[in-house]
Structures are given as C-alpha cells and as structure tokens.
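We call the chains A, B, C and D, going by the order they appear; numbering starts again at 1 in every chain.
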Amino acid sequence: MKKFINSPEDVVTDALEGMAIAHADLLKVCREPDYIMRADGPVRGKVALVSGGGSGHEPLHGGFVGRGMLDAACPGAVFTSPTPDQILAATRAVDGGAGVLHIVKNYTGDVMNFEMAAELMQAEGVDVRQVIIDDDVAVKDSLYTAGRRGVAGTVLAERICGGAAEAGADLETLTALCTEVNAGTRSMGIALTPCTVPHAGKPSFALAEDEMEFGIGIHGEPGRARVKLEPADRVAEMLMEPILEDLPFSAGDEILLFVNGMGGTPLLELYILYRKAYEIAQQHGLKVSRHLVGSYTTSLEMAGASITLLRLTGAMRQAWDAPVLTPALRWGA
Amino acid sequence: MKKFINSPEDVVTDALEGMAIAHADLLKVCREPDYIMRADGPVRGKVALVSGGGSGHEPLHGGFVGRGMLDAACPGAVFTSPTPDQILAATRAVDGGAGVLHIVKNYTGDVMNFEMAAELMQAEGVDVRQVIIDDDVAVKDSLYTAGRRGVAGTVLAERICGGAAEAGADLETLTALCTEVNAGTRSMGIALTPCTVPHAGKPSFALAEDEMEFGIGIHGEPGRARVKLEPADRVAEMLMEPILEDLPFSAGDEILLFVNGMGGTPLLELYILYRKAYEIAQQHGLKVSRHLVGSYTTSLEMAGASITLLRLTGAMRQAWDAPVLTPALRWGA
Amino acid sequence: MMLDVSVLAGWIERLTGSIEREQEHLTELDAAIGDGDHGANMARGFKAVREKIAQGKSETPADLFKLVAMTLISTVGGASGPLYGTFFLEASKAAGDARALDLASLHTVLAAGLAGVRMRGKAVPGDKTMVDALTPAVDALVGDGDLRKALEAAAVAAADGAEQTRPLVAHKGRASYLGERAIGHKDPGAASSVLLFASLAQEVAELEA
Amino acid sequence: MMLDVSVLAGWIERLTGSIEREQEHLTELDAAIGDGDHGANMARGFKAVREKIAQGKSETPADLFKLVAMTLISTVGGASGPLYGTFFLEASKAAGDARALDLASLHTVLAAGLAGVRMRGKAVPGDKTMVDALTPAVDALVGDGDLRKALEAAAVAAADGAEQTRPLVAHKGRASYLGERAIGHKDPGAASSVLLFASLAQEVAELEA
C-alpha cells in the first residue's frame, strides 16, 4: 500500500487537521466527536444543511462546507459512515433556529446512523428532515436490495439546496427541492483500478490489465460486471446508456452534465469523457446548460469516473448559479 | 495501459474539445495550430500573458486561461513542448497592444520553441518578453545541466502576474514581478508510482511496493534518488528540507504554501502532507499567509506530490487575492 | 452458574480479543462483498469498549450492556455500529435490574437484542446478514438445560448460520448491490456474530472448568 | 553520383520509414533518461513531412530542406523539434540554389545544419546529445573521396558517436537532471541522428547498386 499517510488509524484526523489549517477562513473543524462546520455558523434564521459519510470521498463532504453549500459535514472513518454522536453534535452546532436538513447517501450504515441522530434531535425539539440520495443506476432498486446507492449526484443536491437555503428557503421547501433534485439525478460509474482502504492494506479487488469494473459505487466495492477495456468514447456510451434508459430525461430537457473523477484519474481524461457524454446528450435532444468536470466524489486513489445527469428546473439552475464559497466549489464569491 | 482515451494520437485534441465544450463561457479553443485563449480576448491595453508546455499537466496551463490569469495557453503533445507556430498564433491572437509576456517552464524544448516564436514576433514589431520558471530544487543548477526545471511554482507565477496584469501593470513591471516570483519560489516533488505516456504505453519507470522516487519533475522522468517508503510526515520533511536549505526563506518571511498533487493522489493525502508542511514552516518562523492544496500541476495519473513555497511580498499577495475566473482557479468572480 | 457482571465483562474482554485476532479475516470477507472495513470497524469499537470498561465498574449486566452499546454506537459507524449498538442497548433494557443472568434470562435478554437488530435493520433470516448467525444462536438458548451446553450449541448454531450465508444472494447491506456476485462468500457481519457467541461459550466453559 | 532533389526526397522517405520502425526503441531510450516521447515526437514530425512532400514538388535541395525544416518545427515540439528543424533550415540556407549536391557541397550543407543545432542548443560534443552523433558523422564527409563510401563512413561514425554517449553524464536536455543516473544509457537524440545518416547511406547505396 503506497499512500501519503502516517498510519491507517490517523488518516482521517491528520487530514482533518490539514483541512482545518488550510481553510481556517472558511471552516471550523471540531474534534471528538468530529465534524466540520462553517466558520461563520450557525447562521441565524437559515435552514442548516448537514451531510456526512465515510471519509475517502474527498472533497465530499468536508470540502463542500461553506456559504452556499453545507453548514456541517460529519466525516466517518474511511468508507464508514459517521456515528450518531457526530451527527448530533454537528446538527446542534449549526442549527440556526429554522430547522436542519440531513442529506444522506443511501447506504444502510449512513441511513441508520443519521436516523438514530435524527430521532434524538427530534426529542430535543429541533425540526430535522432527512433526504436520502440514491442516484446510482448501477444498482437495481428493488425490494430485495438496500436500494440504489448515493454517489456523485450528492454534490449537486448539496450545492443546489445550499444555494436555496442561503437565499432563504424554508425547511419544507428545501426538503421538497432536495427530493426533487434526487428524483431528477442519475449516475453511473466505472473503474480502471481498485482502491486500497488504509486499514485493509490491499486493493479492494483485482483487475487485469485489459479489464474495467463497470457499475461501481464509491467504496471500492466490486461493480455490476467486469468488462473488457474500451476506448473512452465507448466508455462514455456505456455510462450514458443506463442513465438515459432509466427515466426521467426526455428531448428538450435542460440538464446539468457532471463528469466526476474517482480520485486517481487525471483531468485530461475527464475532459475526453465529457466531450463524448456531451455529444450523446445532444443526440438525445438534451440541452446541457450547466456542467461540472472534476474529481468531486472520489474513492480514495481509484482510477475511474462516473457520469451524472440532473434534469434542471429554473429554481435549481438559479440555486446552482448563486454564490458558493467552499474549499472545493467556489464561484461568485 | 489503462486510460480513458480513444487513442494516443487523439488524447490532446479530444481533451481540448472537451474543454472547449465545458468552458465555452470562459475560453475559446483554436485549432491547427492549437491554442486556448480567453473568450473575451484580446483585452485592449492589457499586457497579455501566454504560457504553454506539454500536455499531461492539467489543469496547467489550459485550465488557467481566463480573467486574472493567462490570456492564452499552448498545449503540446503529452510531455512535449508546443511548437513555435502555436505560440506565434496564440501570441498574435491575444496581443492587446501592450506587449506580451511568455511564461516558460525551464525545459530545453519549451525554451527553444518559445524563443523561436519570440524571435518571429519581435520581427512583427510586438514587444514579447520571456520569463523562465525554474523552481525545482531537485535539480542542482549548474553550468553542466539544463538548469532547474519549472514545476508547480508556475501556477503561482501565472496567477500572480495574471492578477497584476488585470490590474493594469505594464510589461516592464510584469516581467520584473514574474522574475521576482520565480526567484522567491522553490519546489520539490516525490512520486509513489510512475505514469504512463500514452504513446509509450508503458510506465515511465518501475518502483517496488516499498519505494518512492524522490526529486521528480513533472514528466514521469526518474528523480534524484530512489528511497524507501516513509510515513507522510517524514515525506513532508524530506520535501521541505531541500526547499528551506536552498535560499531564500528566513524567519519572519510571509509565504504561500502550496501542496500539489501529481494527478493520481487523492485530496485526502494532500491535506495530510499540508498539515506537516505547515508545521515545519511554522517551526522555521515562516508565516503562512496564503495556501493552495490540490492537483494543479500534474504528471498524468502519477501518484505523488510536490510542495512549493513562495516568499510573498505585499504586491504579490494583492495580485494573488484579486479576482480570478478560470476553469481551475476561481475566486472573487 | 449465573452470569454476573464480572463474568459478562470477561466475555466482552474475550470477544474484544477475538475480534482483534480476526480483524483481518473480517476485513477480507467484507472486501469480497462489501467495502473492506468490517474488521477495522469492529476492532475500533471494541478497543473503545475495552477502554470504557477499564475506566469504571458497571453495577449490573444492564449497566455493562448499556456501556457497550453506547460505545459501539459512538465509535463504530457503518452498518454494524448501529446494529451491534442496538443489540446491546435492547439487551440492556431487557436485563432490567437483574444482578446476574441464568440461561432463561440470558435468552430473553439476547432475544431482545436480536429483535432490536431486526427492527433497526429490517433484515430477516436469509437476507445474508448478521441476523443469519444471531437468530439460530439465540434460538439455541431456548429451554432450561445446562448453560454451558446451551452456549456451546449457540456458538455452533451461529457458525452454521454464518456458513449458510455463503450460497445466498444478499437482500440487505452493501452485499445486496452485487446481486449474484455475492454468492459463494460468507457475510462478514454473520462472521463477527459468530465471535460474539463463541467467546461467550468459551468464557463460561473456562470458568466452569 | 549527385544528390538531386529526388534522391534527397528518397532519403527523407527512407528516414521516415526507419523512424517509424525505430519509434518504440527511441521512446524506450527516452523513457530511461528523458520523458519517453522522443519516438512519438520524431514519428509525428516525419509523418507530417511525408504528407507535405507528397503534396507538392520541391525544386531544389534547398526547397526540400526548408519544407522538412518548417514541418518539423511546427509538428515535433520538444527539444528535438527546434533542433532538427534548425538542422534542416540551416542546411537549406547553405544549399543555396544548387540543383544537386556532390560530396563536398553535401558536407558544407550538413556542416551548416550541425552548426545551427549547436547554436540553438548550445551543446558541445560530450554533452550526451544528438551533437555527439552528428559531429563525427559530418566530419566523416570531409574530403573528396567516393560519396557512397563517405556516407557509409558517416553512418558508422554516427553510430559510434551515439554508442559513446552511454558512459557519459548529460550536460544538456532532460537527461542532465539525472546526474550520474544517466550513465549507461544511450542518448535518444543521438540514436535518431544515426538513422538520419544510415538512411542517407542506404539510399545512395541502393541507387548506386
């Protein structure tokens, strides 16, 4: 295992300390229980947005804490959801009196830990709502699975709801907006290499030199199928096909197109994928009016990528364009 | 070789097309000869900044084209400097009548190609100055080498000079500022893995599971020495030592601390390095007043990192803080 | 023999040791059909439990179980944290103010724990989760036989249950994402549940020996 | 035999072919002490040269060399682009309006090319660059002997010169960053310069045979 770490035990806390030092102007890192909050929080009268999840997906979620996005993020151990006490502490710390929205990726662990925290917060009289993000089309949603996973689409939900919250939307509106964003978001991912969880010390799976893992999540888990290596344009097609098949896009729709890197894939390759994904979107009559290209929801050092489409409404576009001031996403400020 | 590419021949043009589509609001990609320019260029009366170099270092340089940074960037083939005709065409296209500054990384190929272009531009009556960036302390500067390489420090020079140019600095002032930035910048890099140039199809060197390549440049070339794997804190020390030994930092100095990823290293690990680098800087009495953490000067998918220190003057800080609006670096706009 | 708080603390200490020893194995199982952190999750949690137990003495089984529960909930995370946390929390509630547990009350207490897990995770036997090991183990404690023998049977039942997760497709947790590809692999949470019962059986066997 | 523009075009075509064949080898040499692109750089450049030559007929050796020069300059990039570009550009200037070159004028023309390379790159023999192959090769053309023999000698001299870069530390180009670690490796640019002279010698030998 080759990583710039001191020990598997210290990965998360060392990185948190680094973030705290680097971004002291934007955020405050609180320890034991660990969470990251806006330096200027709690913001009185504003609905607070709290998210969190396992570490190893950076900049998700801590890098998205700041004006126009999250009020707090709870980092768990690598690929392990945070614990209820972290979520509780973060929720209490950023509650500005207008209620708190928990944005939770759909994993059994994340959902259960956020649920336990929400039950306790409700008991304290704070209005906490939970929206589950499940944008990954690689997993068939059925009664017989834990449901679709939450992957890169989470960034879009956090940004759009963060923008709307900053503009004064109330908890009811934000919960509906977040639910709507999630309903209009579809993602699909592929890996060229596995990743190595520091504690495990070994790659999460083995791939031959001519193989890709198709339909991966963001935890180094094996995907839906192992396939032969293909040229980038074909990869873009393979990712776009299940997304476009799976509802809710139709000709004339305005969309946000997001090509996401898994951590070990350089920007150069992401632009190559973006080129073809855009072309395919156009062929389907979709109007790409907003975009994001970069490694925003990662699986440690995995080489891989995912494509996310979001059907934009005017309200979403407006919230997307509003100023955002976080370590990893910043414009208009 | 596992990459999201269509063929080694098409890597650069496919990625350029992707960039053109994604960032049509910020930049214009011109083809044959290839260069990237500000969508709103040429800017009348402003000194134009042109840089360029081999591709494979994204976002350097094309991702830094835009208001407050570069007016144009010339992408060569992967790890190969651009040709004079590209540089000529870019220089002509962005010349706003106030002269053009070429910011050139110190590699034989880059220097010679920019030189040939500058000779031709001077013949056309355009005032072109060239500043060579050579911030890499891994290479001993001597009469018997091609001199120090230009590496991640280039980003800082491009940003600071871009900020100053936008504020109206003239060619003389900018040339002096760029020279001063370069004189106050030192970088050192290390690799955990090699990278694979698409044309070569094979990794640029072989490293054992417990080895690092110390003192690398940004072209997958072997470094100064092969060393044993060390914990992140020790790696930060190994990178900081030669930087601090090599001039020009002394206690009380205000600095910008930049931890750069080489393309395959996740943000999580960069923050771990940042934490220790900051601590070491403090122990040396340096005041870290600005920072940058991320993969801004890469070597394709190489896992690795570099640390850059820049001694800041007030003018540099002011130019750094000014609005910048490019695909890869953006604030205040 | 009755299980008082010191016997139960011995159990938890023994369990902690076996989780440490099996950490890598649990992680390997999780790497195959999950995300490769189950060993680390459990080790982190029980290391904290050991520290907590060392800090102060619990008066009753309920106190001890509550301490274990709260520590697991606040240190494990993932799916297994709330689940094992709930297991011990519900066990604590069911233990009431009893100073020690006999076989019958142990069954009641652990059945309450299992019910908590099933309520929190909504898994049923056959879903390829820890429930597949916990259920037959708890069932093996029914009756008024010998404590030691019952615990040995429970440990065997847990191991069998875990083994029987191999041919299954998972319906809960991360392994459910894999569909058919999960077939052939043992569920990591079921494997850690085996340790729970095996360590209790061993503790009692050694004390009685 | 005189080298008119069609013979020289035959040389460039032959050179293009041998660069294509040796592309991987050049890249390997460059991967060892440079950045692994020399083969691709040269192949890209000479592929463009082939297309340019196919498009229109050059009247004189000077025209042909200028076409080669400008094409290399605008398609190769890197260090080798301006260097080989300058080589052919200066050769073109020195060729003047001659319709064909004999051995003496060939020497003058290629010596001018070499001087251009040395001026542009500031390398001297022993710096472990293409200059180490080009210099002895050009020197082998001195005299008024047989063209074919002289060219064979030049090709051998280039190959020797390239071989002798192995034990050297590099003072120019990327390999200079490596210090002692460059020892033992042949310089890639010197290796491509060998192809330049070898292909010319072969072309003339075949035409004379």
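One rule holds for everything that comes next: a contact is a pair of C-beta atoms (placed from the backbone, for glycine too) under 8 Å apart; a residue touches a chain by one contact, two chains touch by 3 or more.
As the structure is a prediction and not an experimental result, all values here were calculated from the model.
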Starting at chain B, how many touch steps does it take at minimum to reach chain D? 1
Treating chain A as absent and keeping all other coordinates fixed, how do the remaining chains group by touch? B, D | C
Going by average Cα coordinates, which chain is farthest removed from chain A? D
With centres defined as the mean C-alpha position, give me the chain B-chain C separation in Å. 54
Dist(centroid_CA(chain C), centroid_CA(chain D)) in Å evaluates to 75
How many Å are there between the centre of chain A and the centre of chain C, using C-alpha atoms for each centre? 32
Treating touching as the only link between chains, describe the layout with one word: line, ring, star, complete or other. line
Can you identify all of the chain pairs that touch? A-B, A-C, B-D
Could you pull out which chain A residues touch chain C in their complex? 8, 33, 54, 76-85, 107-109, 112-113, 115-116, 138-140, 144-146, 149, 197, 199-200, 202, 204-205, 217, 219-222, 224
Which positions of chain C touch chain A when the two form their complex? 27-28, 31, 33-37, 39-41, 44, 73-83, 120-121, 169-174, 176-179, 181
Interfacial residue positions of chain B with respect to chain A in the complex: 2-7, 11, 14-19, 21-22, 55-56, 58-59, 63, 192-193, 209, 212, 229, 231-233, 235, 263-275, 278, 291, 293, 295, 298, 300-301, 303, 305, 328, 330-333
